[in-house]
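Have a look at this one.
Note that the chains are named A, B and C in the order they appear, and that numbering of residues resets to 1 at the start of each chain.
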Amino acid sequence: MGTNNNKTNAAKRGIFTSAGATQKIVVILVIVALAVFFSVMSKPFRQYATLVSIFDYSYYISFMAIGVTFALITGGVDLSIGTGMITCGLVGGYVIAHKAMPVGVGILVALVIGLLFGLINAMTVAVMELPPFIATLCSMMLARGIGSILTGALSVTWPPAGSEQGWVRSFFKYKTEGGLLIPVGFLLVIIAVIVMSLILNHTRPGRYIIAIGSNKEATRLSGIKVRKYQGLAYLICGLFTGIAGIAYSCTFQAVAPGSGAGLELDAIAGAIIGGTSMNGGYGTITGTLLGVYVMSLLKTGLPYIGLQSNWQQIVTGIILIIAVLVDVLKNTKGK
Amino acid sequence: MGEVILTMKGIDKTFPGVHALDHVDFELKKGEVHALMGENGAGKSTLMKVLTGIYKKDSGSIIYEGKEVEFGNPREAQSAGIVIVHQELNMMNHLTVAQNIFIGREIMSGKLINDAQMNRKAKELFDLLNIEIDPTEKMGNLTVGKQQMCEIAKAISHEAKVIVFDEPTAALTESEIEELFKIIRDLRAKDMGIIYISHRMDEIKLITDRVTVMRDGAYVTTLISESCTKDDIVHAMVGRVIYEEPKVKSNVPKDAPVVLKVEHLKAGRLVNDVSFELKKGEILGFAGLMGAGRTETARAIFGADTKESGDIYVNGELVEIKSPQDAVKSGIGYLSEDRKRYGLAVQKTVAENSTLAALERYMKGLFIDKRKENEVTQQYIDSLKTKTPSTDQLVVNLSGGNQQKVVVSKWLVRNCDILIFDEPTRGIDVGAKSEIYHLMNELAKEGKSIIMISSEMPEILRMSDRIVIMCEGKKTGEMLIEEASQESIMHAATLRD
Amino acid sequence: MKKKLLSYILCAALVGVLFAGCGKKEESATEETTETTETTTEETTETTTDTEVLNIEIVSKGFQHQYWQAVLKGAQQKAEELGVKINFVGPNSESDIADQVQMLNSAINAKPAAIALAALDTSACLDAITTAQAAGIPIIGFDSGVPDAPEGAVLANASTDNYAAGELAAEEGYKAGIGDRVKNATGTVRIGVLSQDATSESIINRGLGFIDKMAELVTADGKTVTVEGNDKFVSDSKVEKTSGADVVIEVLVPAQVTSELSSIDCQTLLNKSDLIAVYGSNQHSGEAMVTGDENLGKFGIGDDKILGIAFDSGAVIKQAVKDQKFIGAITQAPVAMGEVTVELCVKAAKGEAVSDVDTGCQWYTSETMDNPEIAQNLYD
């Protein structure tokens, strides 16, 4: 602090900006490097179908990750999104398959269930002020149980592509008359990223969610209803859990009750790799999306070079440690 | 100086057991910088909290711009134009400067926040104040001084008419202080009323127009800064009648051996080249105002914070203290001012706490020897006269004074000959206080050496054999008890070079 | 204050949900039992006169796959026919071993005439099995039964011979095209096996049955064969491992049972240029084959297509067989299994001698799947 004649503040960006931006660039480079590496190493990887597959398996994680980024930015976390997503897919599929409802109703049901979990988390975390880790751990278990009970512990099959009720799957993968598969779900993800980025960075709710994560007490003293906006973050997370549930069901068609635990970690890992801080206050939706693609690329790509899913988990773990380390270093430098 | 903008009359406030404000009067004019001075606990902060609606007054009236007002919370006060620039800054480090200034009242265009407009407005504010800060910079990247300027800008953007500065220079560098003063003079020229809380005597003469002095929750006097002397202010601050008899002369023989010698100790901003000696059987008082660096000095000696440089000698031998463990090995014990946080495991028993620092001596193989543990605990319960039903009592159930004794016994069990008491009687009632005093005297008589950090002037004068006075990380005075007086201590405690 | 109130409301709501949930469960349970008991009582009054209604507790592996619904159906049919009362339970998922043990204990406490058990984990059930033995309650195994149970604990098993089922898949697949391709091949060809895990007895046997039989058929046609991939399968199969064999059988097992990982495993196989066929040994693997092939479109019956063989049914697999994406699939006979299970239980309860029954399995294709004999064993 001794000599600080930094007249050109704009030129001298400190740790609170640069680390985030650099991380994004690094992540993009990692994605490019991985893609090039897999393409060089494996001929079958260099086909259009591989790209479609990468997208296929990225949709549900993308939506979960977009939602959980909001919870992470408030300095919290939402562990219920994995089993919550499966429950949304299960119950939505159940009303279609066993109650003869049109697909539209199933989608609506999935979204409502997602919002309900968001509401429960908002209540426990923001209103009752339980630690987010514990509160969402509870709702994670709730979700698993509720999904099984509501569907009678039956696995549920969503309408197949091509069938009359299967139109929803075309939202994610469109088959042209010539049989070409177009991963249109990517557009949905991009739309979600744009809208949520706008909300996070250019609206009051987004601004206050960041402020809460940065300094909750100061935000309160600024006269902002902290509970309302903290709760809102979890509601957004819940809504995206519902959307992810639909994406999952459309990708895999069959949804099994009792599953889903652990999938939330993929989404959280994506967000962290994308530069979202575990301590709250910083995170971008675009970064999160990039992080998710790192995960998807690894999942899809490693088997092509002969490494089974066990290896994918090890590599992901290592990358995650590096990402968290960057976050920690960022914060210690800040002090 | 213009007309009166704010008058507080007969403000009275009682907390359970404490008469915090005793019919205090205060007046502020437009275009005036009015200093509010007093020792720690004189009631300055409480008065400001009553003004801004954090506390409700019991009686009295606040007249603001000719009307009687009572604010329910700081926000109401803010919108009426009374703003506090806090000592601890309330900033959201991840947001930009402009976003911080306009938090809660963003400039919108439709549903979206108009950041460009906010940046422009912030720039205008800074231009008005003649400060150079980039509104798009993240708050966390600014220095503390710059952050404070942002707080001021934020206050002005609220169309403030009265700004309260609570020890604004405490964390600033020399050049930052100059810049701050320039801004304050500017604000004064713009006819704002400014309340300036500070411990720094020289600043009072430099920047303020009038000084109101408070002592023990009561209004003492208001002086004109230009015409009064430093002595006048000090006298007003400490001019109380001391009921407890001060120590008249030191109990330590002149030739007593030096047990602890600290030379040129440096650790951060608040421990700047501190040197002193402690003799066997001596109670060395550490006096000073809040933020003088006394606790920091103690923590650096004890190894709780890392020191940058300086040597520590125990019984004439140079010791390397890098951690509390090292300090304990050298026979130094530290009794924290915050007993519950640092000194005690309150949910544990008296016995467990007493042997915590020396547990290895009470082991039988892998297990704790309960019998031996109880024996030694009982021994210290007896010698310190700790009031506890048994050695198994949970510490949380004891009174503050007895908790303090358990902490003492912990260090005595560890055979510590040098004890650092940090605010030993804080939060302890009057009866228990004298017991603690008695205990410290007994310990000194037995040959233990004590450093006593205290912010209470009567306590310093009653207990110390010798007094070291600190101000802003530097030792600004040292005197034997025979030469010490309230005035001389306060002079040294407000000395800046 | 407000916060407290909200907490109370939330707690109340949670308790409400809890009660509603319990209420609902009881309701459905009673519905089921009343259904059976009603018919039961009718039957008993007609047929039997002296004996009380027999109670049979059936502890399954859960309802996660519709397969179990078919077992339940068969069991209910038989119970009606014989005039006994059954209580069919199962845990939420096939990994909830502890839950199943608890259900088994509850079943024993109900003092039934017999217990039917499809153990998720034999060792976890041992204590309970001993208790049942001491109480004189006969235990009948079904589905995968109670593998490695102590001598005499399980009186008989009603199960699919999974090894034989795997063999059937190999035989029919060989007939349906694999054989021709192996015989006509100029270079090495590859046959993929997708296995959900390498721990479950039934799934391992289905895989081994297929591998061993396939190797036998290939060798009979004068070609050499080897196995690679998952260690468990490589070491347990009877095939001798050689390099440079004409036919390579490759077994893939995912690190974790998720749809995604299994689908990716399938893609990995499909992307190998020498692949001619894939066998998925249960419903999960079969469904993963459908998802994994979705973007590649390689399964089918044409010359340039890869032959897909699945196991069990479910809407997704049935559709794939119907569309001739898969050349066929093996279905167990869950309905028959349910029936036989109840039959064995009743016999055992009456003290009659019982012995193991293979409830059989069937090969189905797009042509035969509507055959009533087969259709009753296919479920959505």
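Keep this in mind: a contact is a pair of C-beta atoms (placed from the backbone, for glycine too) under 8 Å apart; a residue touches a chain by one contact, two chains touch by 3 or more.
As the structure is a prediction and not an experimental result, all values here were calculated from the model.
Closest chain to the protein centre (all Cα atoms averaged), using per-chain Cα means: A. Of all chains, the one whose mean C-alpha position sits at the greatest distance from that of chain A is B.
With each centre defined as the average position of its C-alpha atoms, the distance from chain A to chain C rounds to 34 Å. A straight line joining the Cα centres of chain B and chain C is 72 Å long.
A straight line joining the Cα centres of chain A and chain B is 46 Å long.
Shared interface positions of chain C, i.e. residues touching 2 or more other chains, are not present. On the chain A side of its complex with chain C, the touching residues are 42, 44-45, 49-50, 52-53, 56-57, 97, 123-124, 127-129, 144-145, 148-149, 152-155, 157, 160-161, 173, 179, 181, 251-254, 256-259, 262-263, 299-300, 303-304, 308-310, 312-313. Within the complex formed with chain B, the residues of chain A that make contact are 1-2, 4, 7, 9-10, 12-17, 198, 202-204, 207, 210-211, 213-215, 217-219, 221-224, 281-282, 334. Of all residues in chain B, those touching chain A in their complex are 74-75, 78, 90-95, 99, 103-104, 106, 108, 111-113, 115, 132-134, 136-141, 143-145, 173. Interface residues of chain C facing chain A in the complex, by the touch rule stated above, are 3, 6-7, 10, 21, 24-25, 28, 62-66, 69, 90, 92-93, 95-96, 252, 254-261, 263-265, 267-268, 271-273, 284, 287, 290-291, 294-297, 314-316, 319, 380.
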